[in-house]
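What follows is a single structure, written as structure tokens, with notes after it.
For reference, chains read A, B, C, D and E in written order, and residue numbers begin at 1 within each chain.
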Amino acid sequence: MFPGILALVPALPFLAFVVIGLVTRPWRWLSAGVAIAAISVAFLLSLGALSFLLTAGAETPRVVELTWLTTSTLNAHIGLRLDALSGIMLVVVTTVALMVQIYSLGYMSEEPSLSRYYAYLSLFCASMLGLVLATNFLQLYVCWELVGVCSYLLIGFWYDRHAPAFAAKKAFVTTRFGDLGFLIGLIMICTAAGSFDFVEIQAKVAAGTWTAGWLGTVAVLLFCGAAGKSAQVPLHVWLPDAMEGPTPVSALIHAATMVAAGVYMVARLFFLFSASPDAMQVVAVIGGVTAIFAALIALVQDDIKRVLAYSTISQLGYMMLALGVGGMAAGMFHLFTHAFFKALLFLGAGSVIHATHTNNMWEMGGLRKKMPWTFWTFVAGSLALAGVAPFAGFFSKDAILHLVMGKNLFLFALAVLGSLCTAFYMTRVICVTFLGEARAASGHAHESPWVMRVPLVILAVLSVVAGFWHAGFERLVQGGEAEAEGLNLGFAAVTQMVPLAGILAGVMLYVLKSPDPDALAVRFAPLYTLLKRRFYVDELYDWIIDRIVLRCSAGLAWFDRHVVDGAVNGVAWLTQQTGTQLRYVQTGRVQHYALAVFGGAAILLAIAHVAGAF
Amino acid sequence: MPADIAFAMLGVMTIGGALVAVGAGNLYRAVLGLMLCLVGMAGLFLLQRADFLAVAQVLIYVGGVAVLIVFAVILTEREGEPLAAAVNPRMVPAALILGAGLTAVLVSVLWRSTPAESPVADVTARTLAEALLNRYLVPFEAVSLLLLAALVGALLIAKEKES
Amino acid sequence: MMDVRSFAVIATVVFGIGVYGALARRHAIAVIIAIELMLNAAVLNFVSFSRLAAPGSAVSGQVFAVFIITVAAAEAIVALALVLALHRALKTARLDRFNMLKW
Amino acid sequence: MLPADPRAVIAIAAVLAVLAMAVPLVFAKLVSPRNPGREKQRPYECGVVEAGDSWKQVRIQYYMYALVFLVFDVEVLFLYPWAVAFKEAGLIGLAEMFVFIGLLVVAWAYALKHRALEWE
Amino acid sequence: MGETLFLDLKDFALAVAAALLPGGLLASVSALISAGAVLVVAPVTMMFLTWVERKGVGRFQDRYGPNRVGPFGVLQPIADGIKMILKEDIIPDGSDRLLHNIMPVLAAAPVFLLFLVLPFGRGMVAADLNVGVLFFLCISSMQSPMIISAGLGARSKYSVLGSMRAVVQVLSYEIPMVIVIVAVVMTAGSMSTSEIVAAQVRDGWFVLTPWGAFGFIVFLIAATAEANRSPFDMSEAESELVAGFHTEYSGFKFALFQMAEFLSAFASAGLAATLFLGGWQGPGFLPSWAWFGAKALGVYFVLVWFRATLPRFRIDQLLALAWKFLFPLSLLVVVAAAAWYFMPLLPALVTNLVLLVGGYGLLSSWILSEFIRMNAPRAVPDAR
């Protein structure tokens, strides 16, 4: 029974996309309704699938396959694979997608091309679900690209304005760099294995057909794709700019789902990564560095959405770190919890922006009384994010820290410092926007309508509750041999100190202003500007482009113009010159021609004579 | 023996006639030289028992072409143009080398070859006729067409255009 | 002494003289005479070599000779007509004046 | 009495004929008086003083006649072998000849029509 | 009775030669004898012809003709010969000396070769070539370039014009003659003169056949024109052309040209006799060579008769006659001869008459209209 129905999960949003695109385009609310109906059915089915997994056990992955393309050497399939990982991701994607789509009803109500918005959202959900359920590399890659396209379309939703269009292009191009590595890796592994299928490749890796070194390179190449999609350090530049898109989009795509695709891919191919220790090391280091790097930048951002964007990058760094040190369950659990509270935070920020019509925190302030629902849900999300005890974040982050401490002390230190910064910048956001006296923009702010508040409340509840299911989650993901080590209360107590210290520092700075933040900024000017300018990474890329790439292309252009075209024109000139020279042979005198005739005959005769013909 | 004498005489006559035909400054003497050479050739044909060809050669060449050439020379003779400037000095060396060179090579080749001569039945007019009417019928009819074309062409070219 | 080779030698010599004449002479009709010489040399060659042919085909040598004579006659006709026409047009029969096709 | 080889007869006759003409000529030259005088050397003008040696542009007509003669002379040459084998060739030969003569007549008609044979 | 006179003479001479000279040369000796015989007979006949001519023309014009030198003026030709040799040889200045000297010899020499192919009697032909007739034609056609070169030798524009006109006339009349001979060769089946005579011995004289008669007429007219004689001798008689191409030749050179002219005329007469009148064939009472002589003289007498009676043609009438009358007629003769052979007697006779008489009628009416058109009064053409 089960696999057949499962096909509906990705199919329904896709169907919605088609229906909206072709039929219900002119009616805005009708399209919205179709989209929401599709995603809600998909949500219910996902819940059903998860419950089926919990009851029937997730050891044996149920696979349904349809041959899509057969050539002499390769045969590609489209399939659905239901196991622990995909089950969880299904639930995560569908719940967040549902919440966002309901929220969008309010947020995007004045938007004229609402049906286009919902069409893209449905297509995104369909491709994300397709990616999650993929049984082979080809389907994974196709959906991977589809997701990239949808993110481009949604970031650049308001294409008439320059900023969103530019941001969409930037996002697309940067992820392309990553996808290049991903494609090369994919080709290497698939041609070597002779098949796209994960199961076959897993069997071959287990059978040790390839050396660790070769597997390492393939893994690192695949990780490039993940790094691109999940905005890890070298390729993170596109995510902060992606905030130009509508906030619900940011919430869905740039917080919960798409950016998590990279992490999910690493988790899905964990058998490949774990086969080569240095690949794992790379993942861990990149994850760690990204975590601390993004966290530091987030400290000084003024735009509320950019703070959240850098926070997402930092949390993704944590997930990669967890996977890098071998904790696939911990990484996935953090992804699970992070999806909910980060979506909550973004939607909260969205309702604040919706009310104040500005992104800059320093223009808001004193919204606590005006928007109580938003305020309290936002506080719940922040606490979850900071990792304070009862909230979801605490359990997942603690698991990661616990794991990293065991493996690599230096990365552990980075992680701890990262979580300190996280706590600090979240309290900064809350103090600046909600507490304190009302500033310019918050004059006419008012609470957002219920259609936006309901998703906030649901997500808030989830952020609180999700943490407690960590043991069940671990048993589901690890299968059977649950670590059962449970929560080491002592370690937890120690690690609890860090977020609380962060919150305290944030309150002192921004509420009591004992060391005035501006004064601090002046004293640590160089550090402050460095963070403000985001470590000059964008400038570095521009410099690279201008100096190296353009310089080489200028050289190549010169070569093409002078050498290649030169040769062609040269030949033309040569023929023309010989033509003019040969013209003088035509003297017009018959006897000269006769001389040529007999001369030729004589020469031929001589040649024949010499050649011994006679 | 008498045949060899005749061959020598005719040979001298032919080559002498050719030399005069080419060398003589005065075109009338050149035509006479040509006639001498042609008659010599006819004699050589007679020696080779090719009677019809000898007669044809004399009848057409000496009786027709030579007359035509003489007429052409008379018609193109101009007061001012001395016939003496017969040879183009710039071309002489090249022509000499080519002419002599070609001849030398061919003669040397001929001298070294030893063709086996087989007694062959005389080609009388009757065998010639039989060949012409059967095997070579198409060229035979084409000859008449060729001559028609030559006549028409020459008349058109030579006739003064009544402008 | 009277074998084919000696006839062929005479023919070649006459041909050589014809070549010289065709190239060196300045007057158009002198060149035409030289060309007639060359053609005649060819006829002599045909006749003298037809004796070497297979018994049945000796006649084709002579047939060819007759055809060459006719062609030579036709050629002479047209060539002289051309020279006369050129003479009427350019008031001269000297070849080096006929260079209208100059580059 | 074996009849002499015709070719030898022709050869000898040719030589003899030239001699028979040249010898008396030389003899006459020796015998005849020789006193060249200005007047006698002048080309005979039936009494009229010679009006200069300039050539009048002689009309193209002469060339036409020679040209037409040569064309028909060659065509008639081809008639002779056929005439010799006329009886053996039979009707087919005759038909072939009619085509040949037909083209000959066409040439003649063309020459006539274009007044090439007209003396003016 | 004297049938084989000359043949016996030759055998006698051969016997003497065989005794004197080594064996190998016998063949060439017999050739020498035949050639020599012809070359002796030719000048003798030439002299006799001049006598016949002058006596005949005289008689036609009701006067005596030469009768001072020897009985009936028989020795007159010898007197002329001696006179010619003794006359001064004037070479006009400006003329091409080389041409002036060799041209008379080259013009006269070929004429003697004409006689080699004529069958004087049964078995009495000097050179029995199987292309005999064609040999005769090619030698006679060799004369035209010689005439024009002779004219050029004198470098005077009148002699050149005269020679060119003579050559044009000769060329124009040569084609009809040659075509008519084709008819004879067709019927005889061979080009050798002796076989033509043998054919006539078998089938009767060609002149008696309808096509033969017309052929003979055409041949006769063409032969007179060939020799520049009688009605066609305008090249040396017209006022402004004085004596034609041999104006500038005097003394023995003039004699040579005269000899060439007479001998070629007589040779044509001989050929006419051979081709159309059955050559040496004749009833027994006279030897074969006598018959040939009689016939040849008879034809020659007709030529003399033409000369004495017919007025001279103008050049354009003369050429029109050749190209518009004789040429088509000769073609008709050939067609008639072909018809004569292929059809049984009666239909052949009918077709021949229709072809020839019809053709003759048409052509003469055409020529008549041409003459009328030509003589119509119009601007006097200049004498170019």
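Note that contacts are C-beta pairs under 8 Å (C-beta built on N, C-alpha and C of every residue); 3 or more make two chains touch, one makes a residue touch a chain.
Please read all numbers here as calculations on a predicted model, not as lab measurements.
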Shared interface partners, meaning chains that touch chain A and chain B:
C
Label-sorted list of chains bordering both chain C and chain D is B
Counting one step per pair of touching chains, how far is chain D from chain B at the shortest?
1
Higher-contact pair (C-beta pairs counted), A-C versus D-E:
D-E
So which chain is farthest from chain A, going by the mean of the CA atoms in each chain?
E
Using the mean of all protein Cα atoms as the middle point, what chain has its own Cα mean nearest that point?
C
Approximate Å spacing (C-alpha centroids) for the pair chain B, chain C
6
What whole-number Å value describes the gap between the mean CA coordinates of chain A and chain D?
111
Mean-CA-position distance for chain E and chain B (Å):
28
Could you give the separation in Å between the centres of chain C and chain E, each centre being the mean of its C-alpha atoms?
33
Touching two or more other chains in chain E are residues 28, 129, 134-135, 141, 164, 167, 171, 174, 191
Indicate the residues of chain D shared as contacts by at least two other chains.
7-8, 10-11, 55, 58, 60, 62-63, 66-71, 73-74, 77-78, 80, 84, 111
Among all residues of chain C, those touching at least two other chains are 19, 22-23, 66, 69-70, 73-74, 76-77, 80-81, 84, 95-96
Please give all chain pairs that are in touch with each other.
A-B, A-C, B-C, B-D, B-E, C-D, D-E
Over in the complex, which chain A residues touch chain C? Could you list them?
583-584, 586-591, 594-595, 598
Quick check on the complex: what are the chain D residues that touch chain C?
60, 63, 67, 70-71, 74, 77-78
Sites on chain B touched by chain D in the complex
2, 6, 43, 46-47, 49, 51-52, 56, 59-60, 63-65, 67-68, 71-72, 74-75, 77, 79, 125-126, 128-130, 132-133, 137, 140-141, 143-145, 147-148, 150-152, 154-155, 158-160
Parts of chain D lying in touch with chain B, wherever the complex brings them together:
7-8, 10-11, 54-55, 58, 60, 62-64, 66-71, 73-75, 77-78, 80-82, 84-85, 88-89, 92-93, 96, 99-100, 103-104, 106-107, 110-111, 114, 116
Where on chain B does chain A make contact in their complex?
88, 91, 94-95, 98, 101-102, 105-106, 109, 112-113
